[in-house]
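Each of the next two complexes has chain A plus one other chain: chain B in the first, chain C in the second.
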Partner chain A sequence: MGKSKRTEMFFGPNHPGVPGNYGINYFYEGDTVVSAEPNPGHLHRGFEKLMEEREWIKNTPLVCRICVMEPDINEMVYAMSFEAIGEIKIPKRAAYIRSIILELARIQAHIFSIGGNCGAIGLYTAMQWGVLTRDYILDIFEEITGGRVYHIYIRPGGVRHDIEDVTLQKILDLLNDLENNRMPEFQKLIFENPIAQKRWKNTAVLNQEDALSLGVTGPALRATGLEHDVRKLMPYAAYDQVDFKVPTGEDGDAWTRLKLKKDEIFQSIKIIRQLVNNIPAGPVSLNLGNALKYKIPAGEAYVKIESSRGEYGYYVVSDGGLKPYRVHVRGTSTPLGLYGVETLLPGCRIEDVPVWAHSLGICPPEFDR
Partner chain B sequence: MSKDKSSIFSPAVSFKNLFKKPETIKVPEENKKTAKRYRGFHINDLDKCIGCGTCSKICDNKAIKMVELENVKTELGQRNERPKIDYGRCCWCGLCVDICTTGSLQFTQDYTYINHDAESFSYIPDNKNINKIESAIGYERDQDSELLDLYRIEMQELDAESRVQSFMEIVKGFSKKQAEKEASRCVECDICTEACPASMNIPEYIRGIYDEDLEESLKQIYEDNPLPEVCGRICTHNCESICSISHRGEAVSIRWLKRYAVDNVDLAEYNKILGTEKIHQVDKKVAIIGAGPAGLSAAHYLKLMGYQITVFEAESKAGGMMRYGIPEYRLPYDKLDKDINYIKNLGVEFKFNIRIGKDISLSDIKKEYDAVFAATGLHNGRSTRIPGTENNNVYQAIYLLKQITKGEEIPLTKKIVVIGGGNVAMDIARSLARLQKKKYGQVNVLVTSLETEDIMPADQEEIEEAREEGVDFEPGRGPKEIIVSEDGSISQICTNCCVSVFDDDMNFNPTFDDQDIQNYECDMVVEAIGQAGDNSYIDDNYDIKYEGPRIKVNDKQQTSLPWLFAGGDIVRGPDVINGIKTGHNAAQGIDEFLKN
Partner chain C sequence: MRSENELIELLNRDLNLLSVKKLRKQNISIRLENEELVSGLNYLKSHSYIHLATISCVDWIEDNQFELIYHLFSYEDKISLSVKTKINRQKSRFVTIKNLWGVAKYYERDIHDFFGIKFTGNDNMDELILENWNEIPPMRKDFKTRQYVDKKYDWRQYHGQE
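Take a look at the complex of A and B:
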């Protein structure tokens, strides 16, 4: 090859390898990225501003849309912020149900993400399996909440409906199927697949120092060896009632991150089983009065939870009125999707750019809101 | 670097799927079976829906428009509007279903709707679903997803034992916290306004309470009602009977909220808040006959327009029936005076102890004033005229109530029968009970009415409270004769069974069964079967038209004599709020008349 030339490449906003309507503009030489910058804005829907214009209850169907893949985390932090400012304590059963929902959401998000990562390396069968497996979990969501993708189920004061025993049993059956049938197949198709290993190992490496300085959390941070998980550090919902491990890795590469996701699925299965088996009886919601007139005192709160991609938080300010005064969303992948692109992507090979984006859990709606 | 198991044969696991049944389904050959709770497409029971628009109010996507429909029921408490959903906007959150005040709105389980006509995605749900086929009900509200506050804040009241000891006000009123919580229950649908005879801005003044802005409440209240201390206590509250919340829960305590708002604003602040510190004066004079609700209301609104107002009143104080009919335990005099004093302070002149037709003639008044508003009310008692009513110990409730107000001693025996089933009967029975308790240490009052309890015109709570205070009831009985002993004293009242009160056309036409006779011991009888007016002051000089027993008026209370307007119980009601409305109407009518 002769003298290499810098060429600009648009990765997204419409590209099968990019997770959402979002772009990365990069220059490459040969087949290596030499500089990159994020190109967001295609997805901007003004969520935060919109929320200031709507009565508290009216944001419950809106927040879930911030993250398509894992809407429930938004419902959760929104409800938590309301309850924190309003000093509202939800019933115990509601806390258990919230954790069940959040873990089911984690499983489906991880499975979908593993499938998506497979798509990024051309392992399309696994991608289809990811979609299919997720759909069985969506069936459960449909049964509990009435919606498949957007559940609008976790609300200030608790949850919207109780879960019947038959549905709890269905959840256990589904977990068994996942553990005994589907996960072993994923194991063989994906994790024992030498090509997948070759593509992921040592790819998109993120070291702990960079991760910490950027504020990266979740599997991307844990893959560098740090046991950081909000569920353990600041337990919310019913996480202080269950026993589980926080898997960590060492290499900080795409492979480690994906393996962690797989391991976390097994931990989630364990968590849900404990919750289902020990769920207390009792109410699942508080009647907070006429929803058109929800009012909480003036105040502010930052609340956070552990999403499938890491720490996810809302900073909410109430002026004591019928609507939030300000809502600020801390999306997990904000640091990586916006700043990490510039500092961490250079050096990556062109074909690994999708692996980089997917395995680091870049979720454009989280930061392009 | 970690060691991981790997084999090029591992991925072959996927081949086994070649021999498995597909896990997908083929639409449309096969339909997806949705969950019982699936949020499919809206259906709405159009008969149950009242058009309150609460669904539209909560819709976070502005996907619901309320549209007028021709063939839906529009009884009081129902609007002819129904929700129309735009599926181009709807996000299927179901908040509308969770809050629907009647529970008419639900989802079906349908998964798909396909149509080439884009317009069809905006539709008015009815009992069929969007696919126009019967479909299973999907998502419904349950107690956990409830978004309304269905139950009232309980009002603190004196218990029966302490009530019957005195004429102290029974209802204690809301605290600030209670009032704000109660106010928060309102969904501001405005359906109540349609039921209020005075069309008060109810949601607006309730909102003022919720927003801790009682000045705003006061302003909203005075738009249509200058006697809020009174109405906040004794209004018949038609509004509450059709409150949207009452379909699935208890109506908002509209009356008590009004009371709370005005009780908590100082009279000294009224002028400033209501902007009545200075009133532009008009050089025209209006005479008002009668200082009851209608007269006071007309005086208030006319005064705000700048007219010179004189109110002629036969009694020595203003208030009419509000003072001389309603007992103090329901409406304390200081509260009544607060309303009246505000009107007085506006510069309305009162002339007391003047009875038109006796102390001064209508034509004299006409000479001096540019217009006249007659609101003389119904102050004469009606009698059953059964044998024995001529006895000295037979009284009319209305006169006794007046004497009690005046602090005069009234005849009081140990065993009293009250005839009548309306609120006046309750007022006198409960007043007598209090007086008996004080004088004899025990209550012995029996109320007999033609109506059985389910159709008695008195408020249910009045009946219950009277009973708690020791008043007995024998409903469904007609008075036949008052039996007088040889010494001239009453010994018993003889009644027969009242089989029906109204005929098939719902006219008052009672029928009796003389086989079923009951006598009740008593030594005094009080009749409370209705009142009559005395319009004789409109003498023969004036050719005034009547409609049945009532003076004929147009929608601005104008009689057949252009300068004479009439309102209050002599044309509508009888009750306070209708009086207020007719007074307000008359003020507008007189203004128009005097400007032309």
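Take a look at the complex of A and C:
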């Protein structure tokens, strides 16, 4: 083979393989990427600045918009940081409901992400199935909160209102349907599909050393063999009340990460069943007074929780006023979407770049917040 | 695995702390001198605090200071540790930690975009998120969003509006 020419390629933001409004500028030789640079900033909306100019409660409808895939996660971290600074202890039923919501959110994010990964390799049937299956979960969210994608449900001091018993039963029915009908179909279509396996195995490999030094968390880290999950490391909501396993893998490639996501869906189903069956009675929120006059003492908190793709953290500073003094969002994919592109993408083949981005869960709004 | 109190004891012994605070369960924050921050982080990294979650910056305009917060986590101790240092707001210059954590390069570029802090040793301080920005950095407290918008853009006139 002769010497190949080095060519520059603008991958995104207008490219179907890119997960969001985001670009990667890379050089390739032959069909292999040799150097890459992230190009974020296409959807910067100044959330952090906006939050400094709004009362505490007014930020709840704002934070969920930071990442489309993780609205409940954002609401939860924001509410938790408020409660951590104010040393507020939420009622037990509220903690259970929060966990149920977060696990439903995890299932919908995983299903959507598995669908997205299939889209990245051209398995479009599975992509449509992913969107469809997610919609059944969104129906439940609509019934509980009134919103499909953005729920504005978890707020400082608890949750907005109670879940009816009828709805809890509907959640259980949905989980049964998911476990007995939908997941076996996904299993046949995606996980027993030899073409998909061939495409995902040994693609976009992330080893343990790189994952740790970059600060990668979630399924991408667990696929390298470590059992790190914020739900176990620093339990929040009602996760210390339930029994569940953290699935891990060995190879660290796209295939392992997807298999972990599938396994996590089953663990989430198990968690929700336990929560629904043991949910205590009682109030679901605290009365913190006039919502526009919420006040917490001066203080700071770095709070993190486990989103579907790993650690989601907020650093919140209060100066004792009606508004937060500073909010800093640490999105899950920030290390991978910025530094990871520069260091890990070179060596990847051109057709594997979408697989790389999707399977590592790059979500541009998180670092473009 | 160390408990919070054991960790505080260890840090008091080995590092020159300005202050140490147990914020809540599994959460500790310490404050270091500017000159000792990099060596302090190096020490912590070799004592199982290998996870750098992010670097935050806070503008304390009334004290004329910027505060940098390095959020670390140890999978062994299961403790979240915030390492803080304050720098002069006028000088707005600090040293990079990209040799400890390569990923910090981008966190520093982000802070440079939004607070205008230059990190010595970080060779790439180009704009990351912003583009062609020539005002004061937008996350500083003296940047007023509304004033900027009024100055930069014309308000649209609607029918029936004077």
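As a convention for this text, the second predicted complex is superposed on the first by the 367 of 369 C-alpha atoms of A that agree within 3 Å, B and C clash if a C-alpha of one lies under 4 Å from a C-alpha of the other, contacts with A are read in each partner's own complex, and residues count from 1 in each chain.
Simple rule for what comes next: contacts are C-beta pairs under 8 Å (C-beta built on N, C-alpha and C of every residue); 3 or more make two chains touch, one makes a residue touch a chain.
Small disclaimer: the values here were computed from a predicted structure and weren't measured.
Using the superposition on chain A, tell me whether chain B and chain C clash or fit.
When both complexes are placed onto chain A, chain B and chain C end up side by side without any clash.
In the superposed arrangement, which partner chain does A:G313 touch: chain B (first), chain C (second), both, or neither?
second
So, does A:E351 touch the first partner chain B, the second partner chain C, both, or neither?
Neither partner.
If we overlay the two complexes on their shared chain A, which of chain B and chain C does A:Y339 touch? Say first, second, both or neither.
second
Quick check on the superposed pair: does A:R330 touch chain B, chain C, both, or neither? Answer first, second, both or neither.
Second partner only.
After superposition on the shared chain, which partner residues are touched by A:N287: those of chain B (first), chain C (second), both, or neither?
It touches chain B, and chain C stays clear.
In whole Å, how close do chain B and chain C get at the C-alpha level once superposed?
10
Which residues of chain C touch chain A once you look at their complex with the stated criterion?
So the residues of chain C touching chain A come out as 23-24, 26-27, 29, 50-54, 56-59, 69, 71, 75, 78, 80, 82, 101-103, 105-107, 110, 114, 127-131, 138-139, 143, 145.
Could you list, by residue number, the parts of chain A that touch chain B in their complex?
Going through chain A, the ones touching chain B are 54, 57-62, 65, 125, 132, 139, 142-147, 150, 152, 158-162, 185, 188-189, 191-194, 197, 201-202, 249-251, 256, 283-285, 287, 289-293, 295.
Inside the complex, what are the residues of chain B that reach chain A?
Going by the criterion above, the answer is residues 1-2, 4-8, 10-11, 13-14, 23-24, 34-39, 54, 57-58, 60-61, 91-95, 98-99, 107, 138-139, 142, 144-149, 181, 184-188, 210.
With touch defined as at the start, can you tell me which chain A residues reach chain C in the complex?
Contacts found on chain A: 40-41, 44, 46, 48-50, 53, 84, 87, 212-215, 217, 226, 228, 233-234, 299-302, 304, 311, 313, 315, 317, 325-326, 328, 330, 334-335, 338-339, 343, 367-368.
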